[in-house]
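Shared chain: chain A. Partners: chain B in the first complex, chain C in the second.
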Partner chain A sequence: MSQWMTLLQKEILEMWRNFKWIWVPITFILLGVKEPLSSYYLPQILDAVGGLPEGAVIKLPTPTAAEVLITGLGQYTTLGVLIIVLTTMGIISGERKSGVAAMILVKPVSFQSFVSAKWAGSVLLMWFSFFIGYLSTWYYTGLLFDWIPFIQFLQSFFFYALWLTVILTVTIFFSSSFVNSGMAGFLSLVVVIVLSLVSSTLSNWLEWSPAQLTNYANEVLLDNGIPEDTLPASLIAAVFINVLLSLSVFIFRKKELAQ
Partner chain B sequence: MSLIKISGLKKSFQGTEVIKGLDFTLEKEKCIALLGPNGAGKTTILRILSGLMKPTEGDITFTEAKKGEDIRDFIGYLPQFPVFYDWMSGLEFLSYVGKLAGLTGKEAKERSLELLELVGIIDAKNRKTAKYSGGMKQRLGIAQALIHRPKLIMLDEPVSALDPIGRREVLDLLEELRKETTILFSTHILSDAEEVCDEILFLHNGKIVESGTMTDLRERHQQAKIDLFFRGKAEKYANFLSNHELTQSVRIEGNKVSVFVKDVSLARRAFLQAIAEQNWPLEKFEVSSMTLEDVFMKVVGK
Partner chain C sequence: MDTLANYLPIIAPILIIQLILLIVAIFDLVRIEKTNGPKWLWVIIILFINIIGPILYFVIGRKSN
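Let's turn to the complex of A and B:
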């Protein structure tokens, strides 16, 4: 356990030294405040930019607070995912390529701790960034539109974060399987896109798919309560994360650390 | 007392056999040199022993390890090109590795400072490893191999990358360390092996072609030898020497000809006579014993 903590502390310190603790949260905040601000100020922006013929009246329906939050969350499934994949894809493959993984793993370090501590470090960064990013969406939506109950905010945050954790684990899995970080990132994106596409087109059959968690988060925000498929979908997400992590350890152990 | 036993060790890469069946035992508290030309398989053997690679066939037994015990506890390993987290300072890296090896935070720090002092880079302890020079990295690499007081330390070409002064210091350090631990180090520099090691394993094309202590090797390969040093290239004189009836074989290196002869006293007289008659530009004439280099050349068949 103390070895695992040492590994985790190193991950956190590394992310501090390379400023991940600063730029990832900031990017997530920017992503988060973009939606409420632009929805609210769109009429003024159009006015200021001009270019509309004299007398033209545009009527934009004012979106509801829930709609703003949902579109805001949508940002995280695209740009947010990209940031997660880009910041995580080299986490194991990079160390193996440089050879520093071999320096560490000739010491009596368990492979499982090595991989899982990296995972835990990335999860901490991701949850923290996403939390303050989404919190700022919620706050600005409340200021400019309407206040959504905080408990609904927390619930939707949790379901979304679980899905993002699945994505992060997929990236870690590929990072431990390939020495080439670019390859790991590319394959992670492919898997995420396929998972989301299949789940949304076949949504009737795949109600328990972890990718559906984003839809269930939206339902919560629309005041429809927590859909009953949320629990199985969350459980499957948790199982999927565990299986992927074990597989990562297995593959990483099998691969020789030196070429 | 044996420390490690290796039997029938083989390793193939994509069908090519690189290590072709090794059997040897490392004795406790000895210094053993793994000697061989480039590509002989020295690095591969060290990587297998350190657990970074799995052997295709064969067994490695640590005499002292109980069943199921992690052999990495007993081993310190320095790769040929050590790499570190470049955002850490030397002290941070050592403490980190020490904690991973089971020391407490305080112990790890004390041990790290002690080792930094020992390898002579204490002044750079707070500098990022990215800013370390090649020699400093090598020293930090040695320090990290020693952090958990391993029973066996394996060093892959520890002095090849160093300048003469650094080389001297590291060799002295090895001399110091061999009092406490078993050292296995690979090198292609014969004089280094000769200087610090009790025992030598000659590796050639993935096989051990010869092994033993320096004295053993000398006795086994004892052969009378005369070295002739010329002014200028030695080739044109070699022909006469190699055709001489007392000559067994000849080796030419620049301006030096080494002649292995059947009878030293007869050969000495014959050669000196020839030199005088033909007025060769001789600079030095030496009747010498075999050096490690001669043994090396002989066993690898050159």
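Let's turn to the complex of A and C:
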């Protein structure tokens, strides 16, 4: 266990060295505040840009606070996912390419703790960044529109974070399967997009799909309470994460021993 | 001027973190040995492309080793 903690600390230290602890949270904050600000100032922005004929009146319905938060969260499923995949795709394949992995694994470090420490490090970074970013979305929405109860904020945060963790684990799985990190990133994006597309089109049959967690988070924000299917979806997400992690340890061991 | 004072408490924090992002990116660019592509190009990208520039640098500009 203490060895695992050392590996995790090394991981966290490395993320300090390449400034991930600074730029990923800041990026998530900027992503998060964009939505409340732009929907609040839309009339002024239209005015400033101009180009409207004299006397044109545009009536824009003011969105409710929940709607703003939901669109704000939507940013994390597109650009946020892209950032998560791009930052984690090289996490194992890069070390294998540069030979750092071989150097560490010469010591009595198990493959399992090597991979899981890397996973835990990136999960910590992702949860921290997403929390900070979403908190700023919530704060700005409260400031400019209405305050959403903090408990609903926390609930929707957990559902979303769980789905983002699934995405992160998929990326780590591909990162341990391929030496080429670009390939790993591309495949993870494909898998994530297919998963969300299939789950949203067949949403009646796939209520338990982890990709549905984002919809359940939206339901919570709309004050509809926590949907029943959240529990199976979360459980399946947890199982999925575990299976993928064990698989990536298995593949990583095989590839590393083959070299 | 009056309207600007109204907006300032809302916009200022965003400008500040944007500035932090820019400074960190430049700081890292100065320290790092090699980047993907020429360094001077990254200086221009970071300084002149708002928000996206520094993020692009961190995501694709850095060479990990």
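Please note the rule applied: the second predicted complex is superposed on the first by the 256 of 259 C-alpha atoms of A that agree within 3 Å, B and C clash if a C-alpha of one lies under 4 Å from a C-alpha of the other, contacts with A are read in each partner's own complex, and residues count from 1 in each chain.
Rule of thumb we're sticking to: a contact is a pair of C-beta atoms (placed from the backbone, for glycine too) under 8 Å apart; a residue touches a chain by one contact, two chains touch by 3 or more.
Bear in mind that the values here come from a model prediction, so they are computed numbers and not experimental data.
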{"item": "Which of chain B and chain C A:N18 touches, first, second, both or neither", "value": "both"}
{"item": "Partner chain(s) touched by A:L144 [first = chain B, second = chain C, both, neither]", "value": "second"}
{"item": "Contacts of A:I83 with chain B and chain C, given as first, second, both or neither", "value": "second"}
{"item": "Which of chain B and chain C A:L195 touches, first, second, both or neither", "value": "neither"}
{"item": "Partner chain in contact with A:V68 - chain B first, chain C second, else both or neither", "value": "neither"}
{"item": "Which of chain B and chain C A:G94 touches, first, second, both or neither", "value": "second"}
{"item": "First, second, both or neither for A:L257, with chain B first and chain C second", "value": "first"}
{"item": "Partner chain(s) touched by A:T27 [first = chain B, second = chain C, both, neither]", "value": "second"}
{"item": "Footprint overlap on chain A, where chain B in one structure and chain C in the other make contact", "value": "18, 98, 100"}
{"item": "In the complex, chain A residues that touch chain B", "value": "2-3, 6-7, 10, 14, 17-18, 98-100, 102-109, 256-258"}
{"item": "For the chain B and chain A complex, residues of the former touching the latter", "value": "47, 50-54, 70, 72-73, 75, 77, 79, 81-85, 87, 96-97, 99-102, 144, 148"}
{"item": "Chain A residues touching chain C - in the complex, by the definition given at the top", "value": "18-20, 22-23, 26-27, 29-30, 33, 37, 83, 86-87, 90, 94, 98, 100, 140, 143-144"}
{"item": "Footprint of chain A on chain C - complex, ascending", "value": "10, 14, 17-18, 20-21, 24-25, 28, 51, 54-55, 58-60, 62, 64-65"}
